[in-house]
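So the structure is just underneath, and the comments pick up after that.
Going by the order they are written in, the chains are A, B and C; count residues from 1 in each one.
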Amino acid sequence: MVEKKNPIIYILMYIVLAFVIVVSLFPLLWVIMSSFKTNAEILSSPFTLPTAINFQPYLHVLNTNNFAQFGINSFVIATTATFISLFIYSMGAYVIAKYNFPGKSIFFSLFVITMLVPGHTRTQPIFSIVMNLRLYDTRQGLILVYLSGGMAMCMFVLRAAFASIPKEMAEAATIDGAGFFRTFWQMHLPLARSGLATAGILMFLGNWNEYYFAALLTISPRNRTLPYALAFFNEAFAYDYTRMFAALTLAILPGIIIYIFSQEQVRMSVVSSGVKG
Amino acid sequence: MKKLERRNLPWIYLFLLPTILIFALFYCWPIIQVVGTSFTRWNGFSRPAFIGIDNYTRLFNMSSFMVALRNIALWSLIAMTFHVWFGVLVALVFFKQPPGWKIARAAFMVPMVISSAAWAMIYRFIFNNEFGILNNIIRIFNPDFNVNWFFQSPASFWAITFTWLFYAVIISLVVLADLMAIPSEIHEAARIDGAGGWQTLRMIDMPLCRFSIGTSIIMSITSRISMFEAIALTSRGGPGNTTMSLSIILVRGISDRNFGVANATAVVMFVMGIAVLLIINRLFRMNESVY
Amino acid sequence: MKRLLALILATALCLSALSGCLTQDTVTTDADGAIVLTIPHYKVGANVGARFFLPQVERFNELYAGVYRVEVMEVPNDMYQDQMRQLAIQNQLPPLVEGVPDEIFLLEYLIPNNRFYDLNQWLDNEPELRALLLDANIEHNTFDGKLLSVTYPVVRPATLYYNETLFQPSKPIGEMSWDELLEELGDNTLAFMTSENAWTTMIALTSMIAVQPGGPELLFNHLPDDNKFVEFTNPIFVNAITQLQRVIQTAGHGNTVGAAYADAANAFFSNNAAMIFNGPWMIGDFNADAADRWSNGFDGANVRSNAMPGNVGLDNPLGYGWWIPANTPPEAAEGAWAFISFMMSANELELYMLAEGGTAPNLDESAEFLAARAENALLHQYMGSINSETIVVPYLWNSAPGSIADIEFGRLLPLLIDGTLTPEEFCQQLETSARETMR
């Protein structure tokens, strides 16, 4: 893809890339750095590097909690919910992007305004559903609720992804006489994979960070997720910045590690599927 | 986009069914309740008492309501004119795949890993007047600099704006996917016709990406309408009305257990969201085929 | 793709499988035959209440070994009442609950649906305990002759803490007026906050209301949910705001505007601000075991407390305490009562007051208790300053509408401090805003 270019354009491109990296990473780096400083250092000198690398605040957070278990819970719940909802929403977004049918705009509008439904009205119905299915304090209950989380975002991203597939490309890939489902599953889904990866990653991160329903619908430590566990370090009367930043770092880092790892996995599977885009 | 094909209709609805089920299970009742009780006086538990459009007239007469609308309009304008196009610019750079672009793409995603509550807290520290990093950098050049970003007017409006202004990774990825899908023959043909880089961009890439750009605009405006944590955990809509938003008015209603007014606010947000959806759909001709 | 399908099927199967949940319809017993009471609670982890509550549970379990055992499940502080509200609607509450989610929920739901045990059935048989409890609170908790809950019969007013290394008042602060205090302070500053809901600032403001004639009545009369205080242009309130503006403008610590609780507290814990307004729950932060969070030479041993200027303390006497939901099986309810009765026993009350401060008006304090309290300079001075003359009033946030307490006060406060709004304008805006969302 790299062509011979005007050097000015290259310089401009690198300015944009550098800016993107700085603006995205500096808040995170600052948080990590602050977690190694003492309360006094944070208050007096924002620039200085920590005087000593002290893992005490981390040990404090890790010791009082069974973090591995919570991390696994978060991962299992977020991943399962992401895969199921990705499958469901890709079918919905596919027909909205590719076909005309009565009620299309209404359905799409309804799916999109889910983004604007205030949380307070969802609490009671959801609690009731989860209770009646006898899924209170289970991982399955949370998975079920998380299916609903990324509806609007998925509709946006996946509809755009399916709409961007040129008809010729899909037709070229069409096996003669393929049925409706096979057309979707074998032609369009692989061609929309970058959209699927984007939606999947965003949905995973949304589920991974979700706190309110995790804290409302589970209670025993064996079903606890990471954001829920970290809430115990952000109590109302806390004033210890160091521990706050350490807890924040612990909340963010596993997500980033999983993201980088899954980014690699997504790319691998795209390569192995062998469909050229 | 294919024409209406009757024989496919059963399949189409079958494909929609799971999404509709999830909608019915998790959103249908809340939406009905929000719309229904917005015409009543309701404390959340008693029987709602029908009062017509009183909640709406009350809302429209609120001093902060018009300011909230103005702020959301201004934020939406900034989103449309700057935020989205910054995302598109990054997508164009990614599309050229200069060495190192993958690192930038991964870095750009990092802010999405951080929950909006944590993000707001981080920015409260960065913009802190005393020990925040921003003011301390500025003080190297101007030792007398003192701006309490989230807590003085009009700085707080821009401080809130900054918490999302450059974080456009979804837009970049959606547009990038669209750019990648442009058949290379089209670019080839343009080059043979003697089109320069700028012309190709304006005449070919942008029109062919209109669907993803339209989607990005809708997404970023609905995010501005529903933006809550970034405001509630920093300036709380203040100082005064500087960063007032509908979501803050809604929470005020909930705090007073006045669910009629709170839900009327939510209905206004629904209406704004649907209006944006319809207008941008029309403007970007998103119901017509791209190819 | 097949693997994906298999995964989906497997998960669907998991989803359909029924799994156990927290129901209290049946009584569970442990290996020793003790009835187990599993109660979710927020006084766990980093919560300031955990330091006293968890050992107390242990003492109970030891005393009742083989009969009852209380097991605490952790819930984050901000989620506890939300969880209880939802569990109440499902009639699945744990055998012991502390407090009610909100007054409307109590009046519109819990009481009409009869969701609680009448505690009188036990209390009537324990005259000693009844004598300890505070009448006003019992009356407030009685609905149709049935007693909903009991709270600690302890008055623990929120007041102020000051750093004696920075500021040595010439006489007890409770005996001063705000003007005298400002004069004595010199260059010392007071820690205030405007962010979050500005509650330490609101403690100071409440005391400024309470010292005016009619002030305490104003605070008490507006406690009921259907009669919240909205008339902020009332002269009493305007005077208090004028006072607050002057105090913050002359003596507020430099970081006041935009300060969250953590910022205000850190100003105090770093020898920068000389005084902070806060409740007795803060006492634990001055113990030597919290020293790793102090900075700049601060030492908790030098902290003293006193009544607010004008001899004021803040405490809401009309709160809700521990109650037993009606869905609890009778045997478990007996155990739940045993726990409540244990917490309120004379010995436990004294331990509680040594840990978190306060006085029990109906308790004859033991000599050991008084001796132990005298050893703690902070507690000694704090409790010594609270006397029968002290004006004890509820917090402003108990009397003001939720939107004012949660959002509007903090939203407008920076404008009062920088002088953009005069006290009159500030009060006018609060009143307009309160009326806008009033039911």
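Observations, loosely collected:
Just so we're on the same page, a residue touches a chain if its C-beta (ideal position, glycine included) is under 8 Å from a C-beta of that chain, and two chains touch if they have at least 3 such contacts.
Keep in mind that what you see is a predicted model, and the values were worked out from it rather than measured.
The interface holding more C-beta pairs in contact, when A-B is weighed against B-C, is A-B. Chain centres here are means of the Cα atoms, and by that rule the chain farthest away from subunit A is C.
For this pair, subunit B with subunit C, the centres built from the Cα atoms lie 38 Å apart. Put simply, the C-alpha centre of subunit A and that of subunit B have 17 angstrom between them. Residue positions of subunit B touching 2 or more other chains, listed in rising order: 130. Residues of subunit A in contact with at least two other chains: 43. On the side of subunit B, the complex with subunit C involves touching residues 41, 43-46, 58, 62-64, 124, 128-130, 148, 150-153, 232, 234-240, 248-249, 251-253, 255-258, 260-261. In the complex of the two chains, the subunit A residues touching subunit B come out as 1-3, 5, 9-10, 13-14, 16-17, 19-21, 23-25, 27-28, 30-31, 34, 42-47, 85, 88-89, 91-92, 94-101, 105, 107-118, 120-122, 125-126, 129, 145, 147-148, 151-153, 156-157, 159-161, 163-169, 180-181, 184, 191, 194-195, 198, 201-202, 205, 208-209, 211, 227, 248, 251-252, 255-256, 259-260, 263, 277. Those residues of subunit C that touch subunit B in the shared complex are 102, 104-105, 108-109, 194-195, 225, 228, 254-255, 257-258, 260, 263, 401-403, 405-408, 410-415, 418, 420-421, 432-433, 436-439.
Remark: subunit A residues 38-40, 43, 64, 80, 83-84, 87, 123-124, 127-128, 131, 134-138, 140, 143-144, 185, 212, 215-216, 219-221, 228, 231-241, 244 touch subunit C in the complex. Listed in rising order, the residues of subunit C touching subunit A in the complex are 1, 4, 7-8, 11, 14-15, 17-19, 21-22, 40, 44-48, 73-79, 82-83, 86, 89-90, 92, 261-262, 265-266, 269-270, 281-282, 285, 293-296.
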